[in-house]
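One structure below.
For reference, chains read A, B, C and D in written order, and residue numbers begin at 1 within each chain.
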Amino acid sequence: MEPTLSQYLLVSGALFAIGLLGVIVRRNLLIIYMSLELMLNAANVALVAMSRFNGNLDGQVMVFFIITVAAAEVAVGLALIVALYRKRQTAEVADLATMKL
Amino acid sequence: MNTAAWLIMLLPLFSAAAIGLGVFRSRKASAAISVGAVVGSFLLTLLLVAAGDDLHPSVTWLAIGGLQIDIGLQINGLSKLMLCVVTGVGSLIHIFSLGYMKEDRDISRYFAFLSLFVFSMLGIVLADNFVMMFIFWELVGVSSYLLIGFWFEKPSAADAAKKAFLTNRVGDFGFLIGILVVWAALGSVEFGDLAKAVSGETAMITGLAGFLIFCGAMGKSAQVPLHVWLPDAMEGPTPVSALIHAATMVAAGVYMLCRVFFLIDGTWAMEAVAWIGGLTSLLAALMAVQQDDIKRILAYSTLSQLGYMVMAVGLGSPDAAMFHLTTHASFKALLFLGAGSVIVALHHEQDIWKMGGLRERMPKTYWTFLIGTMALCGVPLFSGFFSKEAILDVALENNLLLFLVAVFVALLTTFYMTRLFIVAFMGKPRSSHAEQAKESPAVMTVPLLVLAVPSVIAGYFNAHAPNPLVLAASLGVLVFGMLLANSAYSGAKADPLPARFGRLAKALRDRFWFDEIYQWLIDHVQENLAKLADAFDRWVIAGLLVRGAHGTTELAGRVLRLAQTGNLQTYAFWFAAGMAVLLVFTLS
Amino acid sequence: MDWLLIIVLLPLLAAAAVGVVPGSQRRAIRSITIGASGLALLCALIAFCSFEVGGGLQFETKVVWVESLGLHLHLAADGINIGIILMGAIVAFAAACCADDITHRVKEFHILLNLMIGGILGAFASMDLFFFYFFHELALVPTFIMIGVWGRGARRNYATYKITLYLSLGALLALIGLIGVYVQTGAESFSIPDLIAKVQESPIDEAAQQWIFPLLMFGFGILVSLWPFHTWAPLGYGAAPTATAMLHAGVLKKFGLYGLIRVAIPMAPVGAQSWLGVLAWLALANLLYCGLVAVRQKDLNQLIGNSSVAHMGFIFLGIASLNVIGLTGAVLVMIAHGLLAALAFGLSGHLYRQTGSLDMSRMGGLLRQMPLAGSALLMALFAGCGLPGFANFAGEITIFFAAWSAGLKTVTVIAAWSALVIGGLYMMRAIRCILHGPLGGDWAKAGDVSPLIATALGLLLGALLVFGFVPGLLTKGIEGEAAKIVRLAKPAER
Amino acid sequence: MDGQLQFVQLEMMVAALGLLILLADLFLPSTARRSLGWVAAGALGLVFLLSFRGGYAALADAEAFGGIYRLDALALFFKRFFLLSAIFVLVFAVDFAARLRGGVSEYLAFILFALTGMMFASSANDFSLLFVSIELITVTFYILVSFQRHRLHSLEAGVKYLILGAVSSAFLVYGIALVFGEAGSLKFDAIRAAHAGLLGSNVFLFGMLFVFAGLAFKISAFPFQVWAPDVYQGAPTPTTTFLAVGSKAAGFVLLIRLFGSVVPELTAQWTGMLMVVAALTILYGNLCAVPQRNLKRLLAYSGIANAGYLLMGIVAQSDDGKAAILYYLAGYLFTLVATFMIIHLITSEGEGEDIACLAGLNKRSPFLAFVLALCSVSLAGIPPLAGFFGKFLLVKSVAAKAFGDAGYFALLAVAVFGVVVSIYYYFGIIRAIYWPKDTSDDSPVPIAWPTRIALGLCVAAILYLGLLPDKPINWANAAAKIESAPD
């Protein structure tokens, strides 16, 4: 049987929530980064489903944009994390609080 | 004629301004211009009196909406009489000052102030409306302040000046409110309009206004309870005491009452005025009995005589009041100047117990002083006799109780004047100064002689057949008082009264502790109020509120920025939390 | 002839001129300032003399500034502000003369001083709400900096912050009110005459007036140290350099009152009706409470500061009584007090320079030590307690009549008490402590005022006396305008 | 298609310029690379002038690429705005190059790419273009922020911006997804037509709120402002400038377009929420700035507060409000550029930018002291400077609604309070500059002449916007008006 839009949205919402939770609770930058990807992909799922049910492809086009952008982000982000690791020998978020208040 | 009228008032102002601006460098010139000004005013006054007709020149000073304030000169019988007193006595006292102040380094300043005073006094005399009168009222107050505090480096003088000014201010407060009441009730401040406007149904309000305005008179004429400044005012130079605190300024209150008599006539205010006058005359006379400073004795006697006049007004006879005012002006000025000449002769010794035996050393002063004393005591055929008779008549007609008070006061008057006279002039000298005392120069004695004349004859202009009862009473107390004083003081080395009845004597000596009571009031009421306000300002407004607001802001900032932990996961959490809040806020 | 434009431009040009003079040329810098303000004073005098009473707006300059908002640089004089401008010019000149106690960073100081003068004169000459506010701020900012950099005393910093924040708050509240007036009238113009014409045909909606008037009242009130927003004044003036204190206490402070009379009452009469009662009682608080506080002061500047706060009470009372007599009296006192405050602070500045202290308990006998300054101070203090002959008396008694006829009887009685008795009390104490008595300890070497300052102070005294003897010079012009305002405020009584 | 391309000619030029610089980098000796900055700045100046060319301006009020790209007065205004700010930032960057430790030309190039993104954003008329242009800006900024790899602060700031930026983008796209689902299209025109009917739909509101969050993050509005202080402090100062001016303006152009013209009914429905956000932003920024000693953080907080003031223009929901935003941003640009330049000039590398380093500045360099004081006064919103007139217009636009509506009135009250507080700390800066105080060093500050010119221009602009607002106001009004007329 055919899954309904709300089910798709439920899945994507769950993904988004998990991702956000991961960003907030996980201590390691790389994991946090993965959680971010999760959030973006939640959006992708939603878009695909939406465009499927709206019967136009704009959403799917949008998904391609998102994927590309995400790739760029990952490239920059990983480079950055590596640079940071080089400097501090750690990728723990907790060590990144020299600037505060 | 109008120009003459204006000149009378303005001449002294010119001289004051000229001296004040230092147009005349030399001391002599300043003195000359000042004396010239006042004498000029006197001559012009005589001119007006000769011309006879009433004048009323006036210019607008301030006119806004319904409020119209003029500077107008009202010249009629009353003001002419007062003009004569002020300028006449004034001229003599100016001349006397030439001698008295010869040695003083600030003689120019002295004469500037003196001219300023004469100007202000003339303003009061000539004023044709309440606001103008109030203006010059204030100016008189300030010029007397300046003159009392003339030797301002002497703390006692400075304090006396301050006291005089502030006490008068209290009276002026009532005066001002009174003016406002009148204006609101009758729609004008000009005496002419007001006289037309008063009627039976305004009696209540005009009575109130009249009484409030009388508060001003209480200040200037030093009526109880605002009398305390006058004795201290004797810190000023003696001619000043003679001019301001005997002849003119203190009379201003009485004069004003007579001027605006129509306002209180037939209202409840009369009663109050009469009683305050009577009370003043009694208390002052009592206090005078136990003073040792020659000028203070005269001051208290002035108080009690003023009480007489005020009482007369209150009893409905301004004429009697003015009559007594005139005679009193001459003989009290005479007495003060006489005292002044004694003080100079004794190198500023003022305690009568350090005097004595001046009779043969200063004959002119002695005789003139004697005349003054007799006039004051109301010895028959002297001016004081007739004016006092007039007042006693009125009292007898209207209020028996006050009549008895007045008679008793007359007794006291005779007593303390005789005391003063015997102790100061008769007997042996009681100090080295008294022994080397010399008669004063002509410039001082001539005014004495001149003043002696009206002191004797001034009474005859207004003499009328006295009421036999009154005559008997006054003669009785006169003789009795003289004998009493003579028996007590002839040849006495110190005052016997304290020994005999100590308590009472002490009470009199300490002037019934009026000053102490006021001092207490000022310290405990006024000062505490001020302290309270100051503390409130410092701690509550500037402290609690202002610093509090500042502190709260700073604190809020320090608390809020705790959100910036520096940990990006906290930030992410804030982001999510904020998101959630917004969701609830918008979707609910 | 655009006298006003010249008057406003002269100081601003002087500021520019000082800017190009090298800082070492102190003499030149001072003479530029004095010269400019002197010229401005001359022009103001000419304008004042050639001003014709009842001739409407005169010496008008109107330049479109922002078309789309209806902003104009609109300078003009009527019966009310011509006198204030003259007063401002006199005070400005006096302040310029008294500014020679500044010894470091003279150049910067004089730039700021000229800016301040220009701003002040501009604010009172503007007939356009925006520039009215704009010029005021232009004068205010230099004030802060002058107090901060050239101020005196240990609490200078605190004083600077306090005065800055207080006055900024007041100005902003007033600004909101002014904008409110603009948006509510819908006149699409900031020009006061236009706005008035507009509200005459269609008044501002009453609910809005109930917002606008209190905004203006408290906004302007804070600028004028209305109780309980007054504590900045004594503190600030205590810390300010002489010239600054003279200019601010003398002229700039009157801006708020001017605004109340010029804008608040005509634009929001309904709001005024419901708020003036409050104003009257606050005015009383100024008079009585600050008078009592003044009695307690030991420091001369604190005393003058508090007494000037107390005097503001008169003006508020005059405004609150909202009748021709009251408004006229209020403007009269504004002018009189401006001259007086400048005189007092000029003198206290001179005294301060002698021994670096204004502690009255350590003074005494100065009337002998410095005859000129002494007698000037004596007269200033007398004027301060409302002695006839000085302009203050004329204004104050007028206000008493006004308040009484407006039915504020209780207020008037207490006000009269505070004015006559309490006012007399602290002024007499000051005289007793400073001028009378034996010479105070460290004052033996103190010198009298220099001729320059003497002339400046003499000018102020002279003006006080002239307007005191002939108040008609001012009132004739003021009365007409006041009547217009009252007609606007009370259409019922037209 | 070339017919279409001419709409994006400016963006293409800028992007090409960026690539050229990357190429030129290969052929130039490392010493000469700094001068690329001049070239770029000059070239951008040229582009700026081109934007006034009749042929280009004639295209205004048209759409391209199937309506996803809109060129109108608003877009034009912002393109020019971004170009100007980029020019200043480039000049700034050249002065800063020494502290980058290499990679100058890349730094310049990235500035240009970010600029491209901003210019696209100003024309975005479709959610896809909106997303892409925003991401172009954000991603380049990740690099620009963390460019000083030798400074831990720079890296830390980079990471923080990266993660939080990514989170906000995630919200943005998720929101877009939901809106798309409800409205059935990504085109603004379609949504403008449809949104009135969707005001009841929670999914749509959800989506729009997520989108709003994404943009609010850009302008650092409460409650999405936490990143700003750390990033401003850590980033290289030219980046901070560009972030504070360009990135914020990009956020606002999108907010204006979206909430000002695409979904006006929704904005009306959310008035209360927007008020609260604006008020809290003002309060948070100003209050936190009070105890702040580090100049860059101070400016970050004040930047938050300014975002709040600017939001008032959105809340006003009127052409005046939008015009006020444009005017305010213009003034803000020059003020901030000058301020950051001076902060860079007077603080040597490594040492913190503590407010104490201003002590005795008026001795070290009267010019800088004067400019900085002027900027503080302008930021404090005191006449006769740009800041005052901007605030004046904003307040006026809100006041037009306030008398009668307690909500708007409360917002005004908060704004007044905020301004008073801000005067407190801006005055602290002036005080630090001028108050007599013993100074650690009074060595004169060397200023390169291009920097000097830039500063001079900023001062001139600040004074011009404050004193002669007539013309600029007309421009702003024109931009705001045309934009709001839906077609």
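To be clear about the criterion, contacts are C-beta pairs under 8 Å (C-beta built on N, C-alpha and C of every residue); 3 or more make two chains touch, one makes a residue touch a chain.
The shown structure was predicted, so the numbers you read here are calculated from the model rather than taken from an experiment.
Give me the fewest steps it takes to get from chain A to chain D if each step has to go to a chain it touches.
1
Greatest Cα-centroid separation from chain C: which chain?
Following the centroid criterion, the farthest chain would be A.
A-B versus B-C: which interface comes out with more C-beta contact pairs?
Higher contact count goes to B-C.
In terms of CA centres, which chain lies closest to the overall middle?
Checking distances from each chain centre to the full centroid gives C.
For chain A versus chain B, what separation do you get between their C-alpha means, in angstrom?
96
Roughly how far is chain B from chain C, going centre to centre by Cα mean, in whole Å?
37
Determine the centre-to-centre distance between chain B and chain D, using the mean Cα coordinates as centres, and give it in whole Å.
For chain B versus chain D, the centre distance works out to 77 Å.
Distance between chain C and chain D based on Cα centroids, please, to the nearest Å.
Taking the mean C-alpha position of each chain, the two centres sit 42 Å apart.
On chain A, where are the residues touching two or more other chains?
Within chain A, the residues that touch at least two other chains are 20, 23, 32, 96, 98-100.
Where in chain D do residues touch two or more other chains at once?
Residues 159-160, 163, 167, 229-230, 424 of chain D touch two or more partner chains.
Counting only residues that touch at least two other chains, what does the list for chain B look like?
In chain B, the residues touching two or more other chains are 561, 564, 566, 568, 572.
Each pair of chains that touch: what are they?
Inter-chain contacts occur between A-B, A-D, B-C, B-D, C-D.
Would you tell me which residues of chain D are touching chain C in their complex?
377, 382-384, 388, 392, 395-396, 399-400, 402-404, 409, 412, 416, 419-420, 423-424, 427, 430-431, 434-436, 468-470, 473-474, 477
Help me check something: in the complex, which residues belonging to chain B touch chain A?
561-562, 564-569, 572-573, 576
Can you list the residues on chain D that touch chain B in the complex?
159-160, 163-164, 167-168, 171, 202, 205-206, 209-210, 212-213, 217, 222-224, 226-227, 229-230, 270, 273, 276-277, 284, 287-292, 421, 424
Inside the complex, what are the residues of chain B that reach chain C?
Listed in rising order, the residues are 60-67, 131, 134-136, 138-139, 142, 149, 152-153, 155, 158-159, 161-162, 165-166, 169-170, 172-173, 176-177, 180, 183-184, 526, 529-534, 536-537, 541-542, 545-546.
If you look only at chain C, which of its residues touch chain B in the complex?
Interface residues on the chain C side: 162, 228, 231, 235, 289-290, 292-293, 295-296, 323-325, 328-329, 365, 367-368, 382, 387-389, 393-394, 397-398, 400-401, 404-405, 412-413, 416-417, 420-421, 424-425, 428-429, 431-432, 435-439, 471-472, 475, 479, 483.
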